[in-house]
């Protein structure tokens, strides 16, 4: 049962993330896949208005009739929306108006949660709305990092956040025996439709690393000419390297011969012992090839996940993001949540420093295109 | 002699233009040719710091060493600069810091103007800096119009500004006789290098309209299928129409069968009797072709200009922007001001509602690419 | 044991395919994924020169030192090569010279096959070369169809080929029980590295159609507004539809309200009872969604394949092209054959009318990007 | 009076140019501005069919109803046409069929020339058709050079052609006094509409070089870092240099530290004393800037042209291609010949090695975009 307190805790966290911003930081969309912080604040709120208040709150008066149009993300079912690439040009409504919007929705949500919490369908949609907000919290932080990290003066977001220097305690490899494994979510708590439909997968025996790849290990690959040797790369990965002149992870800068990277605390030297992050699938796969190992499949990862620590980096798997055998697309707009993105993306498992507490689980399937690297991604290897 | 009062009047006008903005409006750059208002505020200030204070003010302490990099526009001579298309992503320094920058520079300028106003070269650079600021005032307004005018909720910039409804009083054609005409600037006041080097041009007799084309006249062209008939268009103009699906001037929207346009006061019905504006050179030339007339050359315009009213719309001429016979590029960074843009652009003469008072004259040469139309452009015809 | 006769039979078939061409048809590359027929003729020959004659033929004299550069396809290991998108501009060497090249290589191959046929590694490379040639025979036909089919006068390739009107005899669905299935190639004959490493896969019970989708079935989808309703489409599929203005399979043209399509015999009316072809994965998946069914996985397809007829259309599966658990990339240039393409592509199973006889088997894994449709692709459905 | 003999002489010259080609060379269109030789052969023939035979020849039977569609170049008035960028994919009709087309048209032209040569309008159109064919002869050679010159094996077109090594005999500067000059064509012979309407232009005195810039002079500019210093370049020229990585004229290759260039005789060392060619307007203007001189206007060029030799290189002027004061666009399709291209192009004066004899005159206005350089262009300077 989700209480209004729980609702409030999650909603306030979104605003806490933004509390370190200046008004100007809320506005830009430097590349299509990064949304303005302002937009995240409004869109996650719109979700509750559209899918809960309009449906369950008798006589609900819309906050502003333009907002559906402005802050719908990709639900074609709900009507027209601002093109994804143009979110950064919409300066008004301003921040103040968007915070008013949040308050207005929250005050109505307080009432409706009290009235309807006995209705299972309501509870499901509420849980989805809060998990949706948490997904946007993670994107909010990584989008803020992208915006500030591409400013040539490298502004500090928050001195107190130390996510880029996380180190791993474990070592060695874990052996997982051949067998049938149950894959997918079964428990009581919330989960997304893309992890439903538990099914059996047969796996050969494999050995998976207990630790993530570190910066120093990756620098060995770089020093060995990893970015200059096509042999390690997928063909489209190699084109990506050449066309974008890639020669280091995202946010890395070589200054006077030493590697620095932009962190949420500003520009810092790269800590060799910390977990590598901000690499694409192409880089993860090339590193594995160079190391004569491979990435785990998402099934191997799930089968082994209880035996290692995870939760600091989203871990690239070598599985494409495809429907599970028992996946059924829900009816209506909610059906657009996951299913339609199941093409040309790779699965990531685990969660990252930027993931809100309690938001992940070992069946959670995250997914990105193989060239995307602005999330806190990482590499775990399996022996060939 | 330019007094500090005069300097202050001009500088304050820039801030007045911005006084109608919310902080968020200062940030975006929706297309490369539109700059963030924030950037205009800083760049026009940087010009005084770079070309005056660093040169003339003994012991001048730079306000912020990053600002040269961030707010240089196109002076390659001065070193690295932020790529033009990425100005909208630089959220920090924020607005407050930029207003501090303006104050800091102004307080130093007060001192240096008193000390150096006897030095002719100083006076010239000061005049250039103020004219530069005035050019950016015009761009500031038209860039703001572009940003707000592409917001689907069409925000009001300032209810009190009524520039789109200006009407023309004159009628008929003016005859100008064959003869030699002196072209270019000769007087005492400030002028740009691109209008220097008075020279003689021989002109055939011609008849030029005393009035600009109105919205209703242009709507006749539209209703006659002007946008659907390649015969009226230059070949590259026709490609522009097809590729961009152009079928009306910029900011025009057909709502329930009636033409509206975005104005600085919000969305309004098009006034048929007002002067047409926001058309490209391609549209101006196609309209002239349809009307079986032509656009004037910039020399014809200048020769006839004393006989008609001008000053509400920048008027497209049929002259390419090229150096005058006696044009010499100044040495150093100032040499990049005008000369290097003399290719693939057409000359506009006159000035517009958005031009600061006293900034134009009948020898002033403005210039834009033939597809650009976010300035307050207009059409004046000459008989074939 | 591969005899020179067998070698010759395959090599001659390539030339037979080209016997219906005019010299001009050999030259163009209308889009990057279609190669000039001329290039196929030379590249398949170069493969034998590079990987067999240079290695096994003592004192072998290269036919022409430029050819390695001109006709290498994607083997980065072998050195520089002409960019893939520029193959259509290389008019010389001409066709005659390329046929000379084929003769020269064939005469040397005759000798080396006699000498070395006892060497297992030689035999493997020879088998690979011939299977490679057969792969290019299929591409040759489909590339020719693309070139002629995009000529507004729709030339006939060969009146005698009737591939677009193939009909299916079977009906109904086949039930396959839950269980462990062996996947991958085990037999004696040739197979590619991407199908090696037999492994067990657990499958739930499923029902798969005994017949492929027909033109009339697909036309129902079209008439039901299939191309206009985003609900049926993957998100990137929907963008593909909008950006490319797709509203029918490739080669289809609506003439006076009736569907025609370009066939190798010229423009013909679409036969409603024939097997649908030339659809992308996006279209196959949208059709399945509309039909409330799904595409099979490649494992389901392989497990069921003995129970239905296949071989006229490459059948899209809902499996991404990824390495099998026991896949190991071979050393050297041959290692570039398959592995590096295992990203962003979907698996097709079966074979098509254009596949040379004896070239396919039920473990064969073909693969294309989800938007590609110039192969003879088809759709087989599985019940939800 | 144009005789059929004269007609034949010109028509045969087109075929002579092609006599050095292999069939494959007739097909490709490597970039949109280069047309397939095959297309030139057919298009110049189509012009006679469309504008003469269909109009003047009673009962004329069209050779092939597809040809109007396939070989119309840019006359929107005449109906649909193949998109300019797709000419290289149209392999059929083949060369043989196109030569048949030429014969068919020529045999009908023989008759109609005898019948109609007394009709002045017929004579004008015939003259236009022949001048049109001559324009395409020049493009034919330069397009062939482009096709063969971008083949990595650098095939020889014709050993006997020595156009790249032409040297200049003259030296020094010619003084031209201030005054009124008559500009434009007046004589009896053929001329294009863009040079009509003689008009008076007032010119200041100027000094123009009697010789064209040589390879060695240009190499000085290169060695002085001309391609690396933005100061010499127009702003869009500098972007062109950076985006296309330009560091030498077209066809130049540095081999073992020595400059070679592709010529119609194959790859040769650059002759330092020969006239420079294959430079863009951007390069011409940058060279002039570096030399502290300027390019002539087209009026200066015309006024001075009787005092120097010209005819080996098309000479870039600093004039934009715009209508003369008395220019009137002819009615109908012929009106599309010149006028619609009068934007974003610069005027070249003179003629080149590739210009057919008798085709040019000192009032002829050629025009290209400022980045185009596949014609035999050159540089003549004027003192500042």
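We just call them A, B, C and D in the order they show up, numbering each chain from 1.
In this section, a contact is a pair of C-beta atoms (placed from the backbone, for glycine too) under 8 Å apart; a residue touches a chain by one contact, two chains touch by 3 or more.
Bear in mind the structure is a predicted one, so any value in this text is a computation, not a measurement.
Of all chains, the one whose Cα centroid sits at the greatest distance from that of chain D is A.
The interface with the greater number of C-beta contacts, when B-D is set against C-D, is C-D.
Chain C and chain D have centres, each the mean of its CA atoms, that are 44 Å apart.
Centres computed as Cα averages put chain B at a distance of 37 Å from chain D. The residues of chain A never reach two or more other chains; the list is empty. By the contact rule set out at the top, the touching chain pairs are A-B, A-C, B-D, C-D.
Residues 22-28, 30, 38, 66, 69-70, 82, 86, 88-95, 147-148, 150-153, 155 of chain B are the ones touching chain A in the complex. The touching residues of chain B, counted against chain D in their complex, run 74, 76-77, 180, 199-202, 204, 230-231, 233-238, 281, 289, 294, 318-320, 322-323, 325-326, 328-329, 335, 340-344, 370, 384.
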